[in-house]
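Two complexes are shown next, each including chain A; its partner changes from chain B in the first to chain C in the second.
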Partner chain A sequence: MYVAVKGGERAIENAHRLLAHERRGDRSVPEVSLDQISNQLSLAVDRVMTEGSLYDRELASLAIKQARGDMIEAIFLLRAFRATLPRFGSSEPIDTAQMQVRRRVSSTFKDMPGGQVLGATFDYTHRLLDPALMGEASPEQPSVVAEAEPGVMPRVTDILGRDGLIEPSPVEDPEHQVGDITRDSLSFPADRDLRLQNLARGDEGYLLALGYSTQRGYGRNHPFAGEIRVGEVSVEFVPEDLGFAVPLGSITLTECQMVNQFKGSDTEAPCFTRGYGLAFGQSERKVMSMALVDRALRARELGEDVKAPAQDEEFVLSHSDNVQSTGFVEHLKLPHYVDFQSELGLLRKLRKEFAEANEAPTPMQEAAE
Partner chain B sequence: MNAPTYNFAYLDEQTKRMIRRAILKAIAIPGYQVPFASREMPMPYGWGTGGVQVTAAILGPDDRLKVIDQGSDDTTNAISIRKFFQKTAGVAVTTSTVNATVIQTRHRIHEAQLGAHQVLVYQVPIPEPLRFLEPRETETRRMHALAEYGLIHVKLYEDIARFGHIATAYAYPVKVNARYVMDPSPTPKFDNPKMDNCEALQLFGAGREKRIYAIPPYTTVQSLDFEDYPFEPYKHKACCALCNAADSYLDEIVTDDKGSRMFVCSDTDYCETRQAQGHRGSENASPFAESRHA
Partner chain C sequence: MTRTRSDDLQAKRQEAMGVLSHCQTAEIARHLDDVAVPDHEQLRAPEDGLVMLRGRIGGDGAPFNLSEATVSRAAVRLGSGEVGFGYVLGRDGAKAQLIALCDALIQSPCYAATIETQVLPPLRARVAAERKRKAEETAATKVDFYTLVRGEG
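The block that comes next holds the complex of A and B.
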């Protein structure tokens, strides 16, 4: 007597309840608050906002809590929410030259207007586990709050640009509206605006690996970290009925301008070229990787050979999105009985034909019939 | 905090209009893959987001929705999608194929014949039938534009040369309206003949790959083959152990670790309807209905 398998609905409900229970963990341990996540796991929040393409610390913290610290799951939660938000317009282009800088380093000049601002960084810490953090630690107040020299802090690439040593930054073309990969499906070849959008929400680990591969010779582009800056930038919006820009608030950004070698061509003098990275919050690894990959993807435009994976735009852009990647990889968990049954049938047929042709039936074949 | 509020069938009306435009274009060019601005849905890519977006765009308050996965209404993902639309659209749902107006499916076409009042929505993982022969979208789009399908015929020919027959068991490519080669989604080739000259509208949604395509009613759908090696639909050598059907697609159930197996209909509604009509198979027991425990 066989009973058909059923009860999926109850199984799902029970699984959800169990998940909520496990997310909470030991109930004698105090629950983590969104403020705690936002303040003490701030770099996780920054990554979720960047790859989730939504600047909202509170919702990103909620996503991290709900996802039990699974970053890609948190990014997915934020993206799915973002997709439902109405869009009332586009902001004015932000101006990172006007950034309230908290950290700014250049590896190309020892000093330049505005100076180097080390700021808060892991860079020169010794990676020794700190037992003091096992309990509640109360670190010393910072002696001097890192503060940039007053006045504007020109971008290193602007300084190079004045002598024509670096290609000019592309200027806005009023004829060409900036694309939007969340509103149109990406097609190839893709222009740089679309490529940068794709990389901005692309998986940090994926971009890191691709960027690294260019350094190891797969599409080498001789990069220098022209400048990395972290700080606050104001966002302005022009409401149609008002006709002038009003500030909406400020956001924290990390920007990387990579300066890369270019040998020049028959028609163009040798000059430095640019790779660009931009992300929400403090996300230095992300913007540096992004800048390396951006530059690699400009191979076609600059007349370089497209040979390495990081230069292959269709390959890079089609696989950068971790929400898409994880969905398709993990969908293998879904039932595939029907297809598998077809394959079983085919395989048995092929094996039978093979056995008949060789006139030596295998024991497997008997079992299968 | 912005408390989330959602529209009827989840998607906002502008998004639905965008999807409907893509659907209309797809119907106008049978078998052609129309790019659309797929949204992030609250379920993972690869789990039916394309089908869900198509369903959300065509669903009206008076529709009766059926969702199947592997032919069954009771597989976990089918339940999850059905509950999603119950929650976000409040539409009536059914497991009955004949009573449904919209049927969303993954990997199967149910056994009962579709009527003109019905729409079948397929979930599609890889919409491009040429993808595993040519990974680049730029190339495959050109091949479709020029109807340059030699490559896929060579693949089928190589199967014949090597195995003596075409060795594709599911996602068996078809030519729609004598023009576009189309991926029928990973349905077993057993189901291919049902697509041909079907009374119902068939819509295909691929969310991750951002493509929608369609087979309008009464359109020819030809499984690719050769004159001397015609398309052979898959046939089971067994009957359903529950309803004794000899014409349905069967799932193989492993019943012990000694090699015992039995076969039952993959289409649960078809099987249950037949059992209610008094058909009995060799292993018949009335399936335990979930509603009793709800």
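The block that comes next holds the complex of A and C.
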């Protein structure tokens, strides 16, 4: 239990002043701008938007700057900010088939309509530190294929789905109100819409570890990366005062369709099953991990034994949020004097009883007084 | 007949909003500078808020809440009565205000043609060029993987 403390205002004020000074660093070095962060640390911005659960590049850049690059602190800041704004409503569901694709790869088919485009990727780089970047690098202009049309491509799962080789996505039920963990607290068992919302804002490292655990045999489900795509999608919103869908602009999304081993029964032909991942910006590791965990969490629905941690939805979903996690872990460093005093008193009593029972006082008893 | 005309106007407004939402505020303002904008009042002062963005399970299935985005909105009324709305991603109230103004002007018989011929075409072309440039850069990274047949034994 935490008991409030008072005092220390002056020290706290000075600590924050020192924090601002340390954040600025050596004042002879130019200060980093939000534009620089947004442009040159763009994947950090993508992660903060995804886990901060708010699409706003400028605010995510500000959060990273203010947090001195501490990603979880930045995510915390963004989450706190979103609580200050009113919600106008919900968008129309985004159609990822209409994405202007800037990257799209499949590990299942080498030839598919629209082809495979690598886009800007770390894949196939040698992971050698580049000394050219120690100074000011001026990279070459990208190569172009003149007159290429903006790429709208079918999803790989749509292609597999035509032959019934993969299970269809769950159909929209107009009676079902879309669950929202920002409005109602999570209860178990949780429907897939709630699980995906939870995973979408979940910690990347945590989901990566859980996804990895399924590959190593803890809830194995034989995944293939059916498709990973990155690009811009248009967002539409129907305002109450207008009554028709208004385009709000475009956002960058990464989507992963994981194709997993079969389900089937006496009455249903076997087909591939699927796991799904979706995140802001270019967040490939995140969406792949999310899709692995989404599939693992479908164990109950697919009649699989729930034996591994990644299949245990209460465990997975209760510990995925790094803002919640850090709040509880880090609160341990706040003063717990009263709490500790009561434990100390109890311990002394126990030790006294122990000593009396053994009729030989220990030297530690004096030392603790 | 009326129905067709109002559908037609709605499609025009949506298309214009789509173009404007992809433009910089200064860019829209610059192209509006050449238009003798009539008297208008602010029906709703620019306001920032959130819209919950929804995805679909599996890309094409039942909807789920992904996360929110910041959105700015404004509304404008022309002296002649047309009401325009601006809703746009981000927290740029001035941009929402300009979009609302354009939306009102598009509905005005006196200004629709001016917006359609002077303001929108250069913006539309700039947005399309940007898309095309990205598509051309992307196309250069298209890859043809080939599989190697394993040797006998």
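Just so it is clear, the second predicted complex is superposed on the first by the 344 of 369 C-alpha atoms of A that agree within 3 Å, B and C clash if a C-alpha of one lies under 4 Å from a C-alpha of the other, contacts with A are read in each partner's own complex, and residues count from 1 in each chain.
What we mean here is this: contacts are C-beta pairs under 8 Å (C-beta built on N, C-alpha and C of every residue); 3 or more make two chains touch, one makes a residue touch a chain.
Keep in mind that this is a model prediction, so the values were computed, not measured.
In the superposition on chain A, A:E172 makes contact with chain C only, while chain B stays out of contact range. Of the two partner chains, chain C is the only one touched by A:R274; chain B is not.
Judged by the touch definition given at the top, the superposed model places A:S187 against chain B, while chain C stays out of reach.
After overlaying the two complexes on the shared chain, residue contacts for A:Q341 are found with chain B alone; chain C is out of touch.
The partner of chain A that touches more of its residues, comparing chain B with chain C, is C.
After overlaying the two complexes on the shared chain, residue contacts for A:Q215 are found with neither chain B nor chain C. In the superposed model, A:S143 lies in contact with chain C only, and not with chain B. Once chain A of one complex is fitted onto chain A of the other, the partner contacts of A:S42 are absent, as it touches neither chain B nor chain C. In the superposition on chain A, the residues of chain A touched by chain B in one structure and by chain C in the other are 56, 58-59, 82, 85-86, 182.
Residue ranges of chain A in contact with chain B, taken from their complex: 1-12, 56, 58-59, 62, 76, 79-86, 182-189, 314, 318, 323-324, 326-331, 334-339, 341-346, 350, 353, 367. Considering their complex, residues 49-50, 53-56, 58-59, 82, 85-97, 100-103, 110, 115-120, 142-151, 155, 157-158, 168-173, 176, 178-182, 192-194, 196-197, 200-201, 234-235, 237, 239, 241-242, 244-251, 255, 257, 274, 276, 278, 280 of chain A touch chain C. Only residues 1-2, 4, 6-7, 10-12, 35-42, 44-47, 49, 69-71, 74-80, 83, 106-108, 125, 136-138, 163-164, 167, 169-171, 186-190, 208, 210-211, 234, 236, 241-242, 249-253, 255, 259, 262, 264, 266, 268, 271, 283-285, 287-290, 293-294 of chain B touch chain A when the two sit together in their complex. Those residues of chain C that touch chain A in the complex are listed here as 10, 14, 17-18, 21-22, 48-71, 73, 75, 85, 87-91, 131-147.
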